[in-house]
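Next, two complexes with subunit A in common: one pairs it with subunit B, the other with subunit C.
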Partner chain A sequence: MSAASRMRSAAEGEGRGTRHSPGAERSEGEPKAQPLLEVTDLVVEFRTSDGVVRAVDGLSYRVEAGRTLAIVGESGSGKSVSSLAVMGLLPPTARVTRGSAQLAGTDLLALRPRQHRAYRGERVAMVFQDALAALNPVHTVGYQLTEALRARRGLSRADARTRAIELLDLVKVPNAKARVKEYPHQFSGGMRQRVMIASALAMDPEVLIADEPTTALDVTVQAQVLHLLAEIQAERRMGLVLITHDLGVVAGVADDVTVMYAGSAVEQAPVGPIYAAPAHPYTRALLRSIPSTAGADRGTRRRLPVIPGRPPSPAARPSGCPFHPRCDVAQDLCRTAVPPLTSPAPARLSACHFAADVLANRPPRAAERRDDRPQAAETPTTPPFDEQVPGGDHE
Partner chain B sequence: MGRYILRRAVQAVGTLLLVMLLLHLLTTVAIQLNGNPAQAFFGDKVATAAQIAAVEERFGLDDPCYDQVGNPCLGPFVERLGQYAQGDFGTNLRGREVSDIVATAAPNTLRLFCVVLVTWLALGMLLGSLAARRRGSAGDHGIRLTSVLIDAFPVFVLLIVYRYVVAVPLHGWAERTFGEDSWPPYWFKPSFDADHPWATVLVPGILLGLAGSAAFIRLVRASQLESYQGDHVRTARSKGLGERHVVVHHVVRNSSVPVVTAVGLTFAEALGGAVITEGLMNIYGMGGVLWEAVRNDDVGLVLGVVTLLAAVTVVVMILVDIAYALLDPRIRYE
Partner chain C sequence: MSDAVLQVRELVKHYPVRRGLLRRSVAAVKAVDGVSLTLERGRTLGLVGESGSGKSTLARVLVGIETPTSGQVLVDGEDVSTLSRAGRKQLRRDVQMVFQDPYTSLNPRMSVGEIVGEPFAIHGIDPAGGRRAAVGELLELVGLDPDHTSRYPHQFSGGQRQRIGIARALALRPKVLVCDEPVSALDVSVQGQVINLLEDLQEELGLSYLFVAHDLGVVRHIAHDVAVMYLGRIVEQGPEQPVYDTARHPYTQALLSAVPVPDPAVRATAGAAAQPGGLVLEGDPPSPVDPPSGCPFHTRCWLAPTLPEARSDAPGSRPVPTVCATETPALVPHGDAATHVAACHFARELAAPGVES
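Moving on, here comes the complex of A and B:
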């Protein structure tokens, strides 16, 4: 690690304290880091009985060392499929038809399966959602933690055992020495997820993709597991991709957020600004649907807003903007033209025709005025919907 | 683990006693309704009362309860259990010890079973794994089609065709080519030879195993397919493990429980169920003995043989249960 990167990590430490305060533009002053993993224009298609279906449609994102990118979206938005594509673990019916995934200069998607396998676990590892199903019930935890080390690096049985205990200690599983001999079903849900994380860390990967690592857990355990992930990530300066459907989870640990809808990114931004002022109606609707105690405190209990309708099936995607049937500010233009990812403000990307208006929290202007390029200075200094900024209430 | 085995063993003894009681009640009712089996001893001859009484005494049929329909005859049952405990399984109508008959017949059945099992496991595991590995491919469809074809082709047809169409010319050819005293002629001998039990049981066993493997192929394929789709297999792949390692340690290993179940069931079935094969190929085995015993109303022999078969089955089931526990820790720590 160079001095520069150490400095950056110090800067980040400061950032961590302030990141939830609305409008904190911490990303602006930072040096542009070389991305560890850069996914560009990824397209994944499934062969189904109804023909070819696009599950991921032109997704791009980048993860830098020591930073956490949260990919947020409803189920079916393509967030898991995109990470399986990066891992080379797509089911046989799926195919990457376009795009690249650069990991330190190598395009993973262009590799042959055998070469791609060499990167799996070693350079980029994955933590899966349901640890009970994702761990093998018939092998001991110790075996599963180190089977790759033994098979690929030829570790001896004794060394593997030592390493397995180390790994369990790392993820703070108590009494690691005895527990390596146990089986996954003898662990509690949270401990099992820790084992899952430990097994992904076994070979010191540079990038860790965690696919809904806390979905199957109790809320209190969720927080513990997330903090553990954040801690390990910071300690090892890994790039962490955190896939989740829960924006509440993101607030605590992520540095950057990519919001996915119907297979592509609709908004990409650092975490603070996105909570303060979302630049896409979908993100805004997601944030509004997080329960908040703010209203209850003041005796003005309100119905929790929900997003009407359901996410579109990849087989029957709406014309124009895929979100327009559910959008509360949709205009005629949205029904016909697919909005490109534009930048309504520095470090912000939004796939909305009216991104600048949404960002400023004002009704969209008529379509003909859309050509006005949004001003860089438009970033609001006050949160537009004060009572429902979740970051302020949660911590 | 120890407690688990103990519990299974106690259950097994209970099962065995229940089977014997059931068997006893059934034969008792049969005797009570059908009349005195001692008559069968004399065939067409008319026996005097004294002769019948002598036979009844010899075969333990002299208890008056056998004349009272509905009487469970528990007295003779307990008496017989006592004899079993001393290793006395009674005699057949001709006075030959049941244990002696079984000692001659069972090894042949076991030999047949060994050949069947090896064929069956080899074919089933190989083709089933292959089909699961390449699901949806031409090979998978081919293997499934073959398994259905085998199923649709009854084993006795297979054996008759083999015995009368294939075996005789092959036997002749082998004798001419390798000489009469070499192994190959015995392999293709169309009937069993007690002096060369292994050689003459080989081909019938392979054919029977082939017939049985059809369902087994589909079972192996289905259970491995389930494993392939399991999340833990994806996890194993995400660690960058090689395909061979993943298949052996995460697919085959995890789908071994249903396979062991099938092996246990087949064993129990094969012990008494190879009647057709044994009959057609003149193999002196348990199936044939039981078949003859039932045909001749040989109550003593039926009781003895079925009891022994039940005991063996129960032991196999315990072994299967132990194998489960070894293969699946979730069972071991239940």
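Moving on, here comes the complex of A and C:
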């Protein structure tokens, strides 16, 4: 069962109008307490045939009202699993073994499933990457938009219809009045993602978690959807968690950025400084590997700087710093000691032993020799062997 | 003097839309609707455009997976369709395909050796030194361990699987590789490795690439020339530099302005086209079953309504110049270079507000 259909059936199971909604008394635009959502030291483990694997390994982040936090990471870094944990939507094989997720004084992770349901959608809502899979093909868009509202708030059919049209208008679906009666397959990818956003906004949540909401979309449609999210976020002073694997996407819309690698945050900073001067070698390498449309490498067709190897699987995480087999400035220390999250400058956090040096863009102080770059062959990974790069592809 | 390895002339590919009990053809999806292209030897032609614009269909016709409805494909000057079956098969060997999804394009029950060596078996070819050695060489060429021929696709990462796909495509020593989104499914940090490999191979083997991708940054990096597709047609084409820096078609400008720029300062500068709030195109592309009259882009064009010639046919309808709604613009030179062509009646009005160089 997909996370979304789980969410759907959770909403269906809700009694009608039995509980006063926590979001109902908030008036629009009123500033909220800060931070809205604070995730601390989150650890999520899966039971698999290979034993227990840690998909999320000590993740912390905070989102404030009226701000957008971008969580950036490659596939498998734990972005979705950590979001599902906050939403209380983890599959049965997963367990939160440590950490908390505070939402206005309540630890979401300590809630029983029934209690968690009361928060889901109402206070914190989620938009999933695959909008088609998340929508039910046999119900109209209008029906799905207001399913939870009818169940939880006891809205009449007529009121639900009016609200569904309002919601579609809110996400700028043209001709909302006619389109509420249509089915998901009659909507394009971008329009479906708008419907998902509308559905997440139905109960006016304080925090919206959008998991790769534009990954499946064209650049043109991606721009529309990002624009829409930014607008709604600002209007409602919502806390927005924007999850993506694309650093380019977040520069224009995020206030703060958290970069994830192998299950935890390796760097956190306000958006301006992180692009200007990254404080973690992984962030720096990611930024360098984005091919630009501005033609900086025009004519010469300079080789793209790449990160050797590939992200480790959670079943075989490297010792010490999890990034060390791929890091271009790794030192002996990195192989054995896990770097703590340190603050090399105000408002900056980096999980690198040499954060201050990286931030200043100088070689690590321990590095007398720059040539002790680690061999990719050391990467402990499943599948059994590593990305091999002809002729030393690293720059 | 041009040295074209692959030429496409007025290529059309329509898929019938069938309805009812008799499965009668009631309409056609005009997936590719009159495309002409030239791929120069040893160069890379990037093909960009929104989803559904016909890029993959064109790619499939070029490698012979699909037959065109009409039009010509010329490989080294020879028209593929006029050749005998045997001659066609021979020419087809010269054009090979690399697929988007390294997870589904490889047969999971075949070993890597069998996958990479399969083209030899299909074409009944015994390379000098034997198939085993040839497969080993191919794996080495793409940076994989030649001793891993007995392993299966699931034992490799996404980037490695894409290398396997490239090795297989190279088995018959093709002249042209048609790469359909070859790095789109890969992680950012692994994408660059595959792009660099393709560039190395091009240099080493003198290959020519038709490179389909939706990432305009990737295309700018790898391509010498760029073609922009909209609703089955090329709307702009030319060398990479003028197309990106002085785009002459409003659609190309909109595509470029939608690319997120990894620079937070861009948001701060008001009016910068590159971020949300910039040149955001309205709506989705129209259906290729019933493309708009005149200029196929006129229903979404941001330029047309701003022109002094713009007028609405009906009250409330989108005002555009009559010529945009009635006459299909031809692909003609508009830039400084004669090879830079755009299909817009008002291309000259575009003082390139798009992306600065």
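Operating definition for what follows: the second predicted complex is superposed on the first by the 324 of 395 C-alpha atoms of A that agree within 3 Å, B and C clash if a C-alpha of one lies under 4 Å from a C-alpha of the other, contacts with A are read in each partner's own complex, and residues count from 1 in each chain.
The criterion applied here is as follows: a residue touches a chain if its C-beta (ideal position, glycine included) is under 8 Å from a C-beta of that chain, and two chains touch if they have at least 3 such contacts.
Bear in mind that the values here come from a model prediction, so they are computed numbers and not experimental data.
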Partner chain in contact with A:V219 - subunit B first, subunit C second, else both or neither: second
Which superposed partner A:Y275 touches (first subunit B, second subunit C, both, neither): second
Touched partner set for A:A202, first subunit B, second subunit C, both or neither: first
Partner chain in contact with A:L135 - subunit B first, subunit C second, else both or neither: first
First (subunit B), second (subunit C), both or neither touched by A:G189: second
Partner chain(s) touched by A:S75 [first = subunit B, second = subunit C, both, neither]: second
Contacts of A:D246 with subunit B and subunit C, given as first, second, both or neither: second
Touched subunit A residues, subunit B compared with subunit C: C
Subunit B versus subunit C as contact partner of A:P305, first or second or both or neither: second
On subunit A, positions contacted by subunit B and by subunit C: none
Partner subunit B, residues of subunit A touching it in the complex: 87, 89, 117-122, 125-126, 128, 130, 133-140, 147-148, 151-152, 183, 185-186, 196, 199-200, 202-203
Subunit C residues touching subunit A - in the complex, by the definition given at the top: 50-51, 141-145, 148, 154-160, 187-193, 195-197, 199-200, 214-218, 220-222, 240-241, 244-245, 254-267, 274-278, 280-281, 283-284, 355-357
In the complex with subunit A, residue positions of subunit B that touch it: 230-232, 234-242, 245, 249-250, 253-254, 327-330, 333
Subunit A to subunit C touching residues, read off their complex: 74-75, 174, 188-191, 218-224, 226-227, 230, 245-254, 271-272, 275, 285-287, 289-295, 297-299, 301, 303-308, 310-311, 326, 381, 383-385, 387-391, 393
